[in-house]
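Each chain carries a letter (A, B and C) given by its place in the written order, and its residues are counted from 1.
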Amino acid sequence: MSQLINSILVFLVLTGFMLLSSSRLAACIRAIAIQGVLLGVLAIAMQDGRLSTVGVLLPLITAAVKGLVLPWLLFRAMREADAVREVEPLISYNLSIMTGAAALALSLWLGQRLQLPSHASPPLQVPAAFFTSLVGVIVIVSRRKALTQVLGYLALENGVYAFGAAAALRLPVLVELGILLDVFAGVFVMGIAIFHISREFDHIDTDKLAALTDRLR
Amino acid sequence: MGSLIPLIVAAALAPLMQALIIRTKSVMAGRIGPPLMQPYRDLLKLARKGAVYSHTTSWIFQLGPAIGLASVLLALTLIPFGGFAALSAFPGDFVLVVYLMALGRFFTVAAALDTGSSFEGMGASREVTFSAFAEPALFLAFAALARQTGQLSLSPLLAAISARTWAHAAPMLSLALGALLIVFMAENARIPVDDPTTHLELTMIHEVMVLDHSGPDLAMIEYGAALKLWLFAAIIIGVAFPWHCGHRWIDASAGLLGMLMLAIAAGLVESSMARLRLLRVPQLLLVAIVLSALALAF
Amino acid sequence: MIKLLVLIPACTGIAAFFIASDRVRRVLLISAALAQTVLSFAAWVVQPAPALGGWLAEDALGRLIETLTSVLFLAAAVYAVAYLREERHQAHNDFEEGFIFSNAREANFTGCLLLFLAAMTLVAVSQQLALLWVAVEATTLASAPLIYFHRHHRSLEAAWKYLLICSVGIALALLGIFFLAIAATNEDGSTISLMVQDLRLNAHLLNVPWFKAAFVLLLVGYGTKMGLAPFHTWLPDAHSEAPSVASALLSGALLNCAFLGILRVQEICVAGGLARFSDRLLLIFGLLSMAVAAVFISGQTDYKRMLAYSSVEHMGILAVGVSLGGAAVFGAVLHMINHSLTKAMLFLVAGNLLAVYRTKNPGGIRGALSVLPASGVLWLLGLFAITGSPPFGPFLSEFTILKGALDQGKTLVAIAYLAILAVILAAMAAPALAMAQGRPSEDVTAAPSRSIALSVVPAMLGVGVLVMGIYLPPVLTRVLRQAAHLLG
């Protein structure tokens, strides 16, 4: 089982790099979709064979929402906004990957500092989650398009979820569903906002959203 | 105890592996392709010819191909094959392998620069840039394998990797293998890094450096390239196809089978992919570095 | 009864999206707000039974914030109906750049207002920290469309920044919740539930490093939402571009709800003896927020942004007050009420000024006292109140916090606190006086008269601010003490 978990975590890290290095929006959305499915599998694998109906159903719903519904919403937003299908980052792809490598080193270090109490965990568990979150932050600050910022937010969210799954936290079902609903609604609202941005500005580059500043005398 | 077999097999079969890749590509493109013995015939033909040297070149230009071939041959004495250990093995020998590669590259580049041709200078600069990315990836991958197996020498290291290693360290091994595969493509000037069959000097990396060599010099370069391909392939097969049944000859045949499959796989990759834009190549190699670093961190 | 508090605005909110008639929808908005307020005050008389297995319950702190939210919402609802009637369904001329824009559908605006109230009520009454997180994130989603009511590029930019920055902050808070859950896992694998009550009782069992990390993440996460510097960057943009009624709710009600998220963890810190650690962080972020606000209020050329930065300042004051402990906590909780009432009133008055003068630059407004007598007086008094002049409520609470600092011998904190307040008083008083006095230009005096509700609502809030400064009802004092007791 730990082999499966390890492989999932490695794939999670690789999707992070895929997100950082892809120049196509569609590929980035796919990376996020893969992450969503991986998270579902991870949550099931972490239960160590003691499966309950809820324990299987919740991760399946999560995987379906994060792996299918949200990517579908994002693809639709991309089509409706008629966005240029290139990512157009503010920093070069090479620098993105190197930042990602630095983020990986940081998360490995953090993972060593923060040992999960009470149960021994595979060494990559906490770092992979942190890394995914950090990739999300990198994508939010280094990419120009509103859509990629949503992708970054989702990666951040996925990292947080992966942390919860990796630590085998059992939150009440209601809370899990609430979190999922919030993420879904968040992406939905952001998708609408992207549509409006594209209509208002004829593009979805957020670095042009700079009308509001403090003008002091 | 070391054995001469890996070196002999490599020396004899390396051009054949090249021919296999070409044959695969031909079949995929719907052609018959050149006969499998064609690389050998080319080498013989070149060796029989005389060399032409430009007046502007110096002794470095003539030294380059010889040192290039010699360094690869020397490196091959450290590479095991199948059940046979390499001719010599000592702790840290993979460092020597990497540096022998670097030595050969240095003299190839120096010879290219010696011609004073702008094309060759361009190729040399690209070669050095990309290898600056490929070398750390290779080192890290070796380090990861060494850490996993607890061996510091290539022969026992590759012997220590078995189906059981894969069973409990599959993620780490696949990461290292992925890095090695990317380095394999970059170091041997294969698609998607470089196109060995291109005819446009502007897009070349490796081929453009050897444009001015002719006759036996070119034969040495071609043969060296074939051996280098074999060297990397042998390491990859050692990791990816760890067949150790105990009988050395059976293991070696299994290794040969693995090489055949790798050649076909390389041919398939080359016929299904386009060469990357030059700007994207460092990115691919960075990914290799990250993969091997991740493997090491495991 | 607690379920009703959440369900009334949630159901009416969803219904409002589908009601075509403006009149019916406006009646629905007012009646939902009224029902909500009546229920909230009823809860002061009859202690409501916990619902959902204790997940929803009213303690002193939750009740204060819940009541405050519903009172503000009632005021905002009445104002909103008058405001929407004035706005009508027509294209408007943007007064800053001159382009023509339309408003969002009124049904969407009303629906989002009610859903926003539902989410804030859920924050106030939820006793389960993860549920509280879900509710805080829901407030972001429900309020973002409110900011984008005027459909033009500036409000869109503000809404986008709000949505993204707050979502990212809130995602960090979720990580904090997970850290807290790990801290609540014992060596033998048994866990403490994420109920505030359980965590407080078992606070000494928590794994300290994980809990500290959780506190930092929650402080940053909810602090983003609350507008603590340096995570406040969305706040001035959103408050200046949203319609004034939405700004009033954002500043008066939403920021408190975000602060409640931090207070819940602070309760656990206090119970677990980690107050020294959490107090230091709160003090640093509080003073920093006050200082940043002082810098940006000075010379501000947009009075709605000035009010927004004033909110950053007052959130800083709340954080400082809670961090000082003792009497200052009482002052902080009291100040939360005073700030909400005053700031909501100021935003509503600012909306009136904006509608007549059609500029956000305080330099462009002269003679507000003669053009809009009611709004002019309220504006002036409100600005005096918010800068802490007697006899208004904020003076009382700010003074209590100052006294708390001096009682504890934290002279340096007290000096910094006073100095920043003085700078802000000077920076806000000058433009306020200039705006109220002077001779108005010709075109402004010819402005058509506006609905009386637009002045009455802020005036009622203003009366509240004044009363809070003169007389605190004993029942309120008792609840304030209970709330302050939980926070050390």
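Just so it is clear, contacts are C-beta pairs under 8 Å (C-beta built on N, C-alpha and C of every residue); 3 or more make two chains touch, one makes a residue touch a chain.
In this text, all values refer to a predicted model and were calculated from it rather than measured experimentally.
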- Task: Return the chain label for which the distance between chain Cα mean and whole-protein Cα mean is smallest.
- Result: A
- More C-beta pairs touching across which pair, A-B or A-C? A-C
- Message: Quick check for the class: compute each chain's Cα centroid; which one is farthest from the centroid of chain B?
- Response: C
- Message: With centres defined as the mean C-alpha position, give me the chain B-chain C separation in Å.
- Response: 66
- When the centre of a chain is set as the mean of its C-alpha atoms, what distance in Å lies between chain A and chain B? 37
- Message: Between chain A and chain C, what distance separates the C-alpha centroids? Give it in angstrom.
- Response: 30
- Message: For a test of understanding, state which residues of chain C touch chain A in their complex under the given definition.
- Response: 55, 128, 130-131, 133-134, 137-138, 140-141, 144-145, 148, 151-154, 156-161, 163-164, 167-168, 171, 174-175, 178, 181-182, 185-189, 191, 194, 207, 209-210, 213, 236-237, 240-241, 296, 298-302, 305
- Interface residues, chain A side, partner chain C - complex: 114, 116-119, 133, 137, 140, 146, 149, 153, 156-157, 160, 163-164, 167, 169-172, 174-175, 178-179, 181-182, 185-186, 189-190, 193, 196-197, 200-201, 206, 209-212, 214-217
- Residues of chain A that touch chain B when the two form their complex: 3, 6-7, 9-10, 13, 17, 21, 93-94, 97-98, 100-101, 104, 108, 123-124, 127
- Query: In the complex formed with chain A, which residues of chain B make contact?
  - Reply: 167-168, 170-171, 174-175, 280, 282-283, 286-287, 289-290, 293-294, 297-298
